[in-house]
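Right after this note come the structures.
Below are two complexes that have chain A in common, paired first with chain B and then with chain C.
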Partner chain A sequence: MSTARWAKVAALAAGIGGVVAAPYVLPSYVVSLLTLVFISALLAGSVNLLAGLAGLVSIGHAGIAAAAAYGVAWAAVHDLGLAAELGVAAAITFAVSVVYALTTMRTAGIVFLMITLALGITVFGLALKLSSITGGQNGLTGIRRPEVVSEWWKFYFFTAATYGLCLLGLAVVSRSPFGLMLRGIRESQTRMTSLGYSVTAVKFAAVVVSGAFAGCAGVLLAWNSEFMSPSAASFSRSALAVVMVIVGGTGTLLGPLVGAGIVVAAEYWLSSYVERWQTVLGVVLILVVLFAPRGIVGGLEGLARQFSHRP
Partner chain B sequence: MPVDELLLQALNGLSFGALLFLLASGFTLVFGLMKIVNLAHGAFYLVGGYIGIATFTAARNFLVAVLAGVATAAVFGLASERVLLRRVRGKELPEVLLTVGIALVIADGCLAVFGGNPRSIPIPTVLSESVRLGGFTYPTYRLFVIALATAVGVLLYVVQHRTRLGALIRAGVDDRETAESMGINVPRVFTAMFVFGAALAGLAGVVAAGLLTLRPGADTDILLFALVVVVVGGLGSLQGAAVGSALIGLVDAFSKAWVPELSYFAVFAPMAIVLMFRPSGLFGRSRT
Partner chain C sequence: MIPRRGRGRQRAARVLLVALVLVFAASACAPDEETTGGGTEGTVKLGFISPVTGFVAALGTDMRRGWEMYWQQNGGKAGDVTVQTVFEDDTGDPEVALTKARRLVEQEQVQLVAGPILANTAYAVAGYVAGKGLPTVQMTGADDLTQRKFDPLVLRVGYTSSQSNFPAGQWAYEQGHRSAVTICPDYAFGWESCGGFVSAFVDAGGKIEKQVWHPLGTQDFSTYVAQARQANPDVVFIGSAGGPDAILFYKAWTGFGLKDKIPLVGNCCFADQVFLREVGDEALDLQSFTYWSEGRDSAVVQNFVKAYEQQHKEIPSLYAAGAYMMAQVVAEALKKTGGKIEGADFINAARQVSLSDSLYGALTFDDTNNVVGPVYLTRVERRDDGTLWSVVEKTFPQVSQFWTKGKDAFLKHPVFSREYTGQ
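Now for the complex of A and B:
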């Protein structure tokens, strides 16, 4: 194997080792934050699937995740058991993703962004107004994690493993013919159409696939907090997912994870020192857009490529 | 349903629609000229409204409050355009993301300065009374909002279609390069338009302070309505913004009265229908 490949294997092993070791060496508060990082990274990864491959930036994906989480919460409140929790979550995720897909499949760029934004806020509004189902502003309590992963460290491992599987899934989608079609759409819709692809159908499928990953994040979210309120679907949640993608690096596999780490650190750690963490986040977003448009991981990859191509 | 009730809800809808028009017209004009989707528009509205409330509390004069709110929003708009947006001119996505960043910073700043409690403006004395219309009384202020929005709409239309300034703007919309080669300073026209859009958002904010309440999150709430209005009406179209505002305002009022649990959904439904049959909106030019 080449040096570069060895370096990659070593980095992967170190990463997995670090993830496994974390609960044994870090305080439980930090581990619970790491759990949140993985969940946020999964949602950001679903945004990145569309943004990185097809150039479709969704600023309403928290709506899909929240819908799935409400599915879990609703089934849990009605004591329907684990299978029903997952079933209801899957059904709602699919239904909501199809609505997202149907309303956006003919659009691109800015219009796509605006419609997803409106959809996200609509989910938020429904969560707030349909209080007989969602509990309105008070939210739903009484959600319990499945027995086997009820303890914080077990749930951490469960979340990390789920994230790992989803990351693998995202990588597979990205390298599949379907992923290439999405890249083709990003580069030129006209060319894809004249090659005989149905751009509309591909976009429809892409949004539904991305929605499935967002739904997984939603299930984890409901189990993690064991509480659901409309704020999970709020504009700032969706916007933060986009911020994670942009700051980490659009179109990179690990960018969303890095971005999620930074955003969660700002929200929970920085906020205990600086009251105005949202301002900090806004400023970080502005700086990244202006000075590092490829994000942190994208920038590092560029540097690594330059370095390795040197004679 | 009695006629009075219908009329009452229609007026409620039209007055809310009038407010939406003040907001959506600035949003859509900025998009029409610069192709910027300004997601900080709601934040300009919020900061304008808050400053309006603070000024009214201090000066007890509604006109001064309006001027202060409009000026503040305009200053924020000027700073955003000159310092930030100008650096990524023409790149759709970075532009939107910058406005998201600006929105986060301004909304958080409003929370820091004005706190988390809902605030509103006491309706100015002249407008605080009600008028009798048929079988019910109706607040004068709401009628004033409808009149104001109509006046602003007519003014915008006349400026756009009958003046030299409007011709400059339309030239910038149609063919930027030719306009520049004719000696028009297009970047300056852009800045002016962005500041003007922000000022309209500020005006909407102060007007809204007498109609609704302002609180953290009010910026994104109203942004949703503005987005739906411009998507339904057609991005960049002033007539579309007018028709869309009235439509969405009416749908909102009647759905709130008849099916309160679905009121958000009812606003979204017309948007979905329009998008399926006319993706570029009722009055929009088709974009490829």
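Now for the complex of A and C:
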């Protein structure tokens, strides 16, 4: 193996070691923030799948995650058991993703953006209005995590492991022929059409696959807070997921994780000390866009490549 | 995610898989548990959550001021116990509120959490904090917090959203009004506010011509006001959450020339100070049913208003008064328990607190941890210095969250919603 590969394996081992060690060395509150980072990163990862590969930026993905979370919450409130919680969540995620996919599969660019925005707001509105199912503005209480992961540190490991598996899944999708098709669509739709691909069908599938990851994030979200209310589907949640992708690096595998780390740190840690944490986050976003247009991870990868190519 | 040759990737994937197995293996052993609820001898540490940024920042800021003012006036002490507060901002988002509550409980080791204000944030925080076995004090209106979702660790120092509007319904009927139109925002607070008015008005014998629901954050109220005018009722009840909605509604109302044509009755939060500052003289003589009247003829209220005005250059809002009340009840309870905060015992002590006069008036608690206290019919008047404020016209003493129905009969009904307003 080359030194570069050794360095990669070492970094991976160090990363995983850090993740495993965290609950033993850090206070439980910090661990709960890390849990939140993984959940946010998973949602951002699903946005990144579309944005990075196919160039389709969605600002309504929190809607899919919230729909899945409501599925869990609804089943939990009605005491239907774990299997039903996951089943309902999967069914709702699939249904909502199909609606997202059907309405956006013929669009690209700004139109795609606007339709996902509208869909996200629709989910938010439904969550608010269907109060007999969703509890309306008051939300749903009485959700409990599955027994085996009920404690904070177990749930942390569970979330980390789920994120790890989803990350593998995202990497596989990205490297598959399907991923290549999406890249092709990003580069030139007309060329893909003339090569005999159905751009519409590929986009449909891409949104549904991305929705599945968002749904996973939603399930974790409901279990993490053990509470569900419409604000999980709000525009700001969707927008923050996009911010995570941009700050971390669009199209990079670990970008969403880094972005989620920064956003969560600003939202939950910085805000305890600085009232204008949103301003700080805004400045960070501007700086990243100006000086590292490919995001933090993208920028670092570029630097690493430059150094390794130096004679 | 640029594709590269497969070999090393496969190996990396294998490493990752092994690592995941290790993660599961590691999760078999638990880290050391942290204790919760610290605090040293003679000192208690309290957490206070309110939204000081975001779309309800104005309410959260007022709350913080009210809470601070109580401890400032009392030297930061409750009896011999020194009280220390850690403040947090929830931005009006339940996910943030919950995480901030975690920080307060797990990191700051607070012994009690007070706030936040919005119903969804309050439910999220109360659920978590009570789950940790710690008491929480709330001022949000959400009916079910002390009704169908009652928790012995949660005390509401405040009124349910419907509570102060029951007297409004009965009073309207007694005034000779037989038909009414209600206008409320289309979410839980609005349903509960209108539910209070509608159920009492109908019980008394009145008839609801129409219930108008408008989305929160409506810009143009003319269609809603037109609907109310068309029904031509004897009285219109508006249950507003305050803010721009209240002001824009009233502009449409006066614009349609209805000010002197159809009597209008507001709820707690309609003609508040923000509203009065913006609307000005057009608001004179507006009648509301509320539990906070800044112009009430009571030394307790006037001293508070004076001190608050000196410090912040404005008349205190409902939210400042509400947070002050939370602090006062916590302090009284601390005096009873000798500075100990032990779960439900503390809330039980707090529930025994009875105040002969307070910012809200003569106050006790019922056995599901909610205030039993007066509701005031107020009228907007001009103070000597020209400022507008609300003075008490009539007092309805000892109003319960269950109105006159009694707890069991009341709780047989579902919570008020768009579908069920007690008709």
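Operating definition for what follows: the second predicted complex is superposed on the first by the 311 of 311 C-alpha atoms of A that agree within 3 Å, B and C clash if a C-alpha of one lies under 4 Å from a C-alpha of the other, contacts with A are read in each partner's own complex, and residues count from 1 in each chain.
The rule is simple: a contact is a pair of C-beta atoms (placed from the backbone, for glycine too) under 8 Å apart; a residue touches a chain by one contact, two chains touch by 3 or more.
Note that this is a predicted model, so its numbers are computed, not measured.
K.L.:
Mind checking the superposed model to see whether chain B and chain C fit together on chain A or clash?
P.N.:
In the superposition, chain B runs into chain C.
K.L.:
Quick one: is A:V9 in contact with chain B, with chain C, with both, or with neither? Answer first, second, both or neither.
P.N.:
It touches chain C, and chain B stays clear.
K.L.:
For A:Q306, is the partner it touches chain B (first), chain C (second), both, or none of the two (neither)?
P.N.:
neither
K.L.:
May I ask you to decide whether A:P293 touches chain B, chain C, both, or neither, giving the answer as first, second, both or neither?
P.N.:
first
K.L.:
Classify the contacts of A:S132 with the two partner chains as first (chain B alone), second (chain C alone), both, or neither.
P.N.:
A:S132: touches chain B and chain C.
K.L.:
Quick check for you: in the superposed arrangement, does A:L285 touch first (chain B), second (chain C), both or neither?
P.N.:
The first partner, chain B, only.
K.L.:
Looking at the overlay, does A:E275 come into contact with chain B only (first), chain C only (second), both, or neither?
P.N.:
both
K.L.:
In the overlay, answer first, second, both or neither for which of chain B and chain C A:S194 touches.
P.N.:
neither
K.L.:
Does chain A have more residues touched by chain B or by chain C?
P.N.:
C
K.L.:
Once chain A of both complexes is superposed, is A:V111 in touch with chain B (first), chain C (second), both, or neither?
P.N.:
first
K.L.:
Examine A:L36 and indicate which partner it touches, taking first as chain B and second as chain C; both and neither are also allowed.
P.N.:
A:L36 sits against chain C, while chain B stays out of touch.
K.L.:
Which one of 1-9, 19-27, 55-63 or 289-297 is the stretch of chain C that crashes into chain B?
P.N.:
55-63
K.L.:
Would you please give the residues of chain A that touch chain B in one complex and also touch chain C in the other complex?
P.N.:
The answer is residues 128-129, 131-132, 234, 236, 275-276, 278 of chain A.
K.L.:
Tell me, which parts of chain C touch chain A in their complex?
P.N.:
1, 3, 8-9, 11-13, 15-17, 19-20, 22-24, 26-27, 30-31, 34, 52-53, 88-89, 91-96, 98-100, 102-103, 106-107, 119-120, 123-124, 127-128, 131, 142, 144, 149, 186-189, 191, 417-419
K.L.:
Which residues, counting only chain B, touch chain A once they are in their complex?
P.N.:
Against chain A, the touching part of chain B is residues 35, 37, 39, 84, 87-88, 92-94, 96-98, 100-105, 107-109, 111-112, 217, 220-221, 223-224, 227-228, 231, 235, 260-265, 267-268, 271-272, 275-276, 279, 287.
K.L.:
Contact residues on chain A for chain B in the complex?
P.N.:
It comes out as residues 57, 59, 99, 102-103, 106-107, 109-111, 113-115, 117-119, 121-122, 125-126, 128-132, 234-236, 239, 242-243, 246, 275-276, 278-279, 281-283, 285-286, 289-290, 293.
K.L.:
Given the complex with chain C, which residues does chain A contribute to the contact?
P.N.:
Residues of chain A touching chain C: 1, 5, 8-9, 12-13, 16, 19-20, 23-24, 27-30, 32-33, 36, 52-53, 128-129, 131-132, 136-139, 141, 151, 153-154, 157-158, 160-161, 164-165, 167-168, 171, 174-175, 179-180, 221, 225-227, 229-232, 234, 236, 251-253, 267-268, 271-272, 275-278.
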